[in-house]
Amino acid sequence: MTAPQHSPHAHDGGSVGRVMAQVMLALTPVTLWGFYLFGWPAIWMWLITVGSAMLFELACLRLGGGGRATLGDGSAALAGWLLALTLPPWSPWWIAVIGSFVAICIAKHAYGGLGQNPFNPAMVARVALLISFPLEMTQWVAPAPMFSGLGPDPVAALERLLFSTPIPDALTSATLLGQVKAEASRGVDLLASLPALGAGVSDGVGHHAGSLGETGSWLILGGGLFLVYRGVIGWLVPVALVTGLAVPAAIAHAIDPAHHLSALHQVFAGAALLGAVFIATDPVSSPASAVGKLIYGLAIGFLTWVIRSFAGFPEGLAFAVLLMNACVPIIDRFTRPRIYGHGATAGRGA
Amino acid sequence: MLIAVTSLTLIAGCLGLILGFAARRFHVEPPETVSEIEAMLPGSQCGQCGFPGCGGAAAALAEGSAPVTLCPPGGPALARALAEKLGVAADLGAMAEHEPTIATVREEICIGCTKCFKECPTDAIQGAMKQIHSVMKEACTGCGKCADICPTEAVSLVPLPTTLGNWRWRAPACA
Amino acid sequence: MGFRDLMDEVKLRWGVHPAGHKALTSECAIECMPLPERLTLPLAQHIGAPARPVVTPGQRVLRGQLLAEAVGAVSSPVHAPSSGRIVDIGDYPVAHPSGLTAAAIVLKPDGLDEAVDFADCDDPHGLEPAEIARRVAAGGVVGLGGATFPAAVKLGLGRRNPVQTLLLNGGECEPYLTCDDRTMRERPEAVIDGARLMARALGAEAIVIGIERNKPAAMVAMQSAAAAHPEISVRGLPARYPMGSEKQLVHFLTAVEVPAGGLSAEVGVVVHNVGTAAEISRVLRTGEPLTHRAVTVSGAAIARPTNLRVAIGTAVSAVIAHCGGVRRDVARYVMGGPMMGMLLPGTEVPVVKGSSGVLALVADEAGGGEASPCIRCTRCAGVCPIGLLPFEMAARIRAGKSEAAVDIGLKDCIGCGSCAYTCPAKIPLSHYFSFAKGSLAAAERARLKNESIGKLTAARSARLEREAQEKAEAAARRKAEREAAKRDAARAVAAEAAAGRPQDSQVSA
Amino acid sequence: MSTYRKILREGLWDNNMIASQLLAMCPAMAVTATATNGLGMGLATTAVLVASNTLVSSIRHLVPSAVRIPIFIVLIASLVTLVDLALNAWLHELYKVLGLFIALIVVNCGILGRAESFASRSSVPRAALDGLAMGLGFTLAMVAIGAVREVIGSGSLFAQAQLLLGPAFGFLELRLFDGGALLMVLPPGGFLVLGGLLAAKRALEGARRRRGVVVAQSA
Amino acid sequence: MIGHQTLERLRPTIPFQASMLALTVMLASAALSVADRATRQPIADAVARDTRASLAQVLPPDSFDNDPAADVLDTSDGGMPVTVHVARKSGVPTAVVLATSTRGYAGEIGLVVGISREQRVLGVRVTRHSETPGLGDKIEIAKSDWVASFAGRHLSDPETAKWAVRKDGGVFDQFAGATITPRAVVAAVKRCLVLYRSEHEQWFSVRKP
């Protein structure tokens, strides 16, 4: 006789694949916007990243005995997709492939595969790339929208990716955060430098340099609302993260506007929103309880602000996420939900 | 140079005195674990572990030469307790393979010789001379001494029967 | 969704909204099912010690006759649902996922349905509380919601703890099931009457009847039946699973939590099912014991889903056959509701006192499927009515650390299955918990056995010692006797010698 | 197996200071950005280890247990300082590369560990051999980690070998490609490679065990 | 030597323990003292050889006949200590080498800057740094000949405003991806030239044997 099935004899019909598919659906608008904004090299880069992520997943599953086929649930494709969105849009092919390797083979499968990774794979990959290849990872390109003729055609774009052709000076640009950091290190304060840079960043439309998926702020927010509505993610982490970033930024800006960006710039520039909606909400590497999520989100936001403001790197989200990933077990330990019938409010005294 | 050497030597001498006193003051005898372990074992001296009695098993456990899963009557619960006591990891995988067994007497063969119940370490077999013997389920450890000594092979070990009372869910298929 | 539902949604942070499937049977009045060919009456249809048979095979019994008596404090008797002959007393398959058999009395009805004389009672409200409990116990009433705890034992709780409130559970939050709904709609007076009798037995001043708001007709019926009794209030419950779980119901209706490991009576509340209340009313007024119960027969595979009043002991196959049989491939037969009910090993098992439903589910309804790794989405933690972290407990159990799962609340788990229902990775969380609870119980049994073996061994060595000592003493005694005898003999010889016969003595020397 | 062979085997493989005991992580992470540095550090440590083991073993009957640890530490610290001074005076070029790390040898728990757990209970030749084996095992692991980090991190192998081993060994230096993943020469790279090393050792031992099982079964 | 049995008896006594520790420390410190004496001179020689070698990199070999490594005076520039080595030929100062340091991207960068009497840069070398490998470490002559671009420069060549990296409107290259390191080096060299212009009279007036 086969083992008897345990109750419940009903299921709400959800599946991991469906969760992943909904996240992908939410990512689609901002990704398409990125494709439009940065043209064919960005499309090729995205394809290479996602494709290599899936290949590495397949390889790791095979290596691990191939018993559990988590390839079909889309988790690897999603990790690759998220990684692609945080890369400079015209990154060469090997950046994409090494990034996928780190994300899937090291950050995910070395820890035991889906659900076992303490750190967000896309962020591990991004940080590993940033530290390893600082040059390539800070090669930003000015928006060269599709059909505008500014960017290369599909074939030229592929060649560019495969042969790592340097980006022509005319097309290079800097992100707002990078520029601010550079100017500050020269001693030029924000009051002098910002007016020339800040335009177009804080409106959230995203017509400025940045990684593939971080610029279209409103589209990210729209995707986030969709996910919250569908119950795929909670609202707590994104809101806490933005709060944790915006509040210290606003205070610092009020005290010293010459050296601290405003809250609006902090939130809309860089990867803050992308991270708040799609990265920090990764269930595997975030805390379980509501209080834990609140602490987690606030701390990521605050650490992001600290790193952006006082550390050597212009953008700190990835580091902040990894730091807090490391804290998740301890957060979980101290924020367990109260069990019914235990503790002070149980019994007659309630 | 002389000053450096002398002062260092003096400091070292003082520290040596302090350490010497401390070593004497805080001296701790190594804990006596064997008797404590023996107290945890069933004490039926059934010999299923391969040691001469529970005392031998306790000594082997204390010096780490025997696995904590050595005692079939104690089962996984005892193995876990022993592992905790000895501060080692309990590999209960081997334990699970050992199905609990119980002695049964085939009444048509039993000649009522009383050898088995004289041998039984837990007095689990009841009966008297020239009478059919029966086994008390609650007391039988499945040690098999009775089966070994039975002249007619009327006593044998069978797996403990599953009833609604002791049936339990198996582990789900691994996901 | 009304305003109060909306408020409840915000207030309650647990539970799931499984598809109800109640429309299949909610408009089907409870119809009486004819007697089957055979009735199989297990001796353990309740929590506690199995009943002891008082009849013998071949004996003819009448409807309502006691077949097996209660044994001990927590137990319940079994009565004959109809007149007929006892065919056998032995082991038969019962409704249990293991597929194991259990002791049962098999009765072949003779179709005459002759009854014993029942001691009916016109004014049960005039009875002493203890007498009410006694008659409920004698009637073999157990919790009909599925828990099957002997009802009288629960009525006796009022003697140990002051009970202020009797909660009547009309939640019926399990999908498919509508027998409580129908009972409330068809026999509201019986429910109210039974509730008042129970309150009297308990010494409770207030009766609160909680009904999920997806049963408006039952609500109306109960409200009108309760109108004459100011101590009874009928309250709407949000339709959410597991609202009908005792702890959740108590907390929602009284804002008091039942302490962990404790009984609700400790906080002055006792909970009974509405079906139990209706049966208690009947048992007390007519004197007839519990021999029939309302069962919802449903599921997409059932040709004609309905509610039936079934003689206890009727085979599930007979029940399904009465409902037109199955019309689609059945993935699982389930007794009870789909969330907590038992998978049936086959349909040749009897309906028992706790069987609130018989479901024949097709694959689409039953869920299941290959489990994939946990992604820590924490939905299970979100729906857990107890506030546990099911994913973490399951992870610990999977790693072979059931004790570590106890540290984070395994023993508080009520097994409602909400976590497994909602898990997108389809991890059999409830199964993990049952497995762990089972192995912990087995370990506990082993520990107890180990202890008793220690005692037995000590007793044996004491006995052996004693025997050895006795033997030694006996030997010593014998030796002493022998020596004494020898001495006596020597003395006799000496005396003889002294008495003169020197020549003899010289010879012998 | 003779005890001497066993000591060698323990030090080089079975009980390798880095790959089995996970001791001496500080130098293992800090110095192994290049294979040359790993080799230099490994050799310096080996020298100290042999000397300290020999010394500790030869005075083992004189040392009361209450003060043994301070005595061992004093001995080790003195030896390290001697090595430090000697390198500075007579191998100055190498000292410029390794100087910062020589002092670290004092706190290399592996050395105190061997003194405490082996040398203080063994005869002088056995202790000296143990020091040599442990030191060489350590050197091997350091060179392995350094080589991997160097190749991936800076595209070279045994860069500046002539500083350590003299101009005759300049041929060791390889340039494979330009650039490289910086992460690997930074501390995280050390951990990654260490993880890889541990995994590789386990995999190798597992494979050997399986092979052994197969052999035993077929025998 | 004392016998084995005596040793066994003595070992657990506290005075013996204390004196063993003291004896060890005494022997060790004595050994170290001796070693220190023995190596002091070789170490000093080696250090001087190092200094000479680094000075030689920024001084034309025929421009001096003294030992600039020994012809030293210490000064400071805006808080940064500067060591001045004077090169002389037949007693006449021909050039100086300023050994100083500046704050780079990741810690101190040590520099030697040779300056001729014409206030031109003779050469610049980085003596120590901890800049990011692959990016900031191009200031090493072994990695890039970037520092050679200072040779022959003068405070007015380029003009003061152009003493900066290209990104800041100057004439010196920055490295792709790293601006802070070259910026710091350029500024430090410029500071050395300014310091030389204002102070060299005073340095040369100090007569050294």
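Chains: A, B, C, D and E, in written order; residue numbering restarts at 1 for each.
The criterion applied here is as follows: a residue touches a chain if its C-beta (ideal position, glycine included) is under 8 Å from a C-beta of that chain, and two chains touch if they have at least 3 such contacts.
Here the structure is a predicted model, which is why all the values come from computation and not from measurement.
S.K.: Hopping along touching chains only, can you work out the least number of steps from subunit A to subunit E?
M.R.: 1
S.K.: Let me check something: if the centre of a chain is the mean of its CA atoms, which chain is farthest from subunit C?
M.R.: Chain E.
S.K.: By C-alpha centroid distance to the whole-protein centroid, which chain wins?
M.R.: Most central by this criterion: A.
S.K.: Any idea whether B-C or A-D has more C-beta pairs in contact?
M.R.: When the contacts at B-C and A-D are counted, B-C has more.
S.K.: Just how far, in Å, is the C-alpha centre of subunit E from the one of subunit C?
M.R.: Those two chain centres are 86 Å apart.
S.K.: What's the distance between the Cα centroids of subunit C and subunit D, rounded to whole Å?
M.R.: For subunit C versus subunit D, the centre distance works out to 67 Å.
S.K.: From the C-alpha centre of subunit D to that of subunit E, how far is it in Å?
M.R.: Chain centres of subunit D and subunit E, defined by C-alpha means, are spaced 31 Å apart.
S.K.: Can you give the whole-Å distance between the Cα centres of subunit B and subunit E?
M.R.: The computed centroid separation for subunit B versus subunit E comes out at 70 Å.
S.K.: Listing for subunit C: what residues touch at least two other chains?
M.R.: Residues 97-98, 372-374, 425-426, 428, 431, 434 of subunit C touch two or more partner chains.
S.K.: Specify, in ascending order, the residues of subunit E that touch 2 or more different other chains.
M.R.: 17-18, 20-21, 24-25, 29, 132, 134, in rising order.
S.K.: Check each residue of subunit B and list the ones that touch at least two other chains.
M.R.: Residue numbers touching two or more other chains: 12, 15-16, 19-20, 23-24, 169-170, 172-173.
S.K.: Can you check the complex and tell me which residues of subunit E touch subunit A?
M.R.: Residue list for subunit E touching subunit A: 105, 132, 134-135, 167-168, 176-180, 183.
S.K.: Give the list of subunit E residues in touch with subunit B in this complex.
M.R.: Listed in rising order, the residues are 13-15, 17-26, 29-30, 33.
S.K.: Which of the residues in subunit C end up touching subunit A in this complex?
M.R.: Touching subunit A: residues 16, 18-19, 97-99, 175, 247, 251, 255-262, 266-268, 332, 334, 338-343, 345, 359, 361, 365-369, 372-379, 381, 385-389, 391-392, 408-409, 412, 415, 417-418, 420-426, 428, 430-431, 434 of subunit C.
S.K.: Touching residues of subunit D toward subunit B in the complex: what are they?
M.R.: 64-67, 70, 74
S.K.: Along subunit E, where are the residues that touch subunit D in the complex?
M.R.: Within the complex, subunit E contacts subunit D at residues 4, 7, 11-12, 16-18, 20-21, 24-25, 28-29, 31-32, 35-36, 38-39, 42-43, 46-47, 49-50, 132-134.
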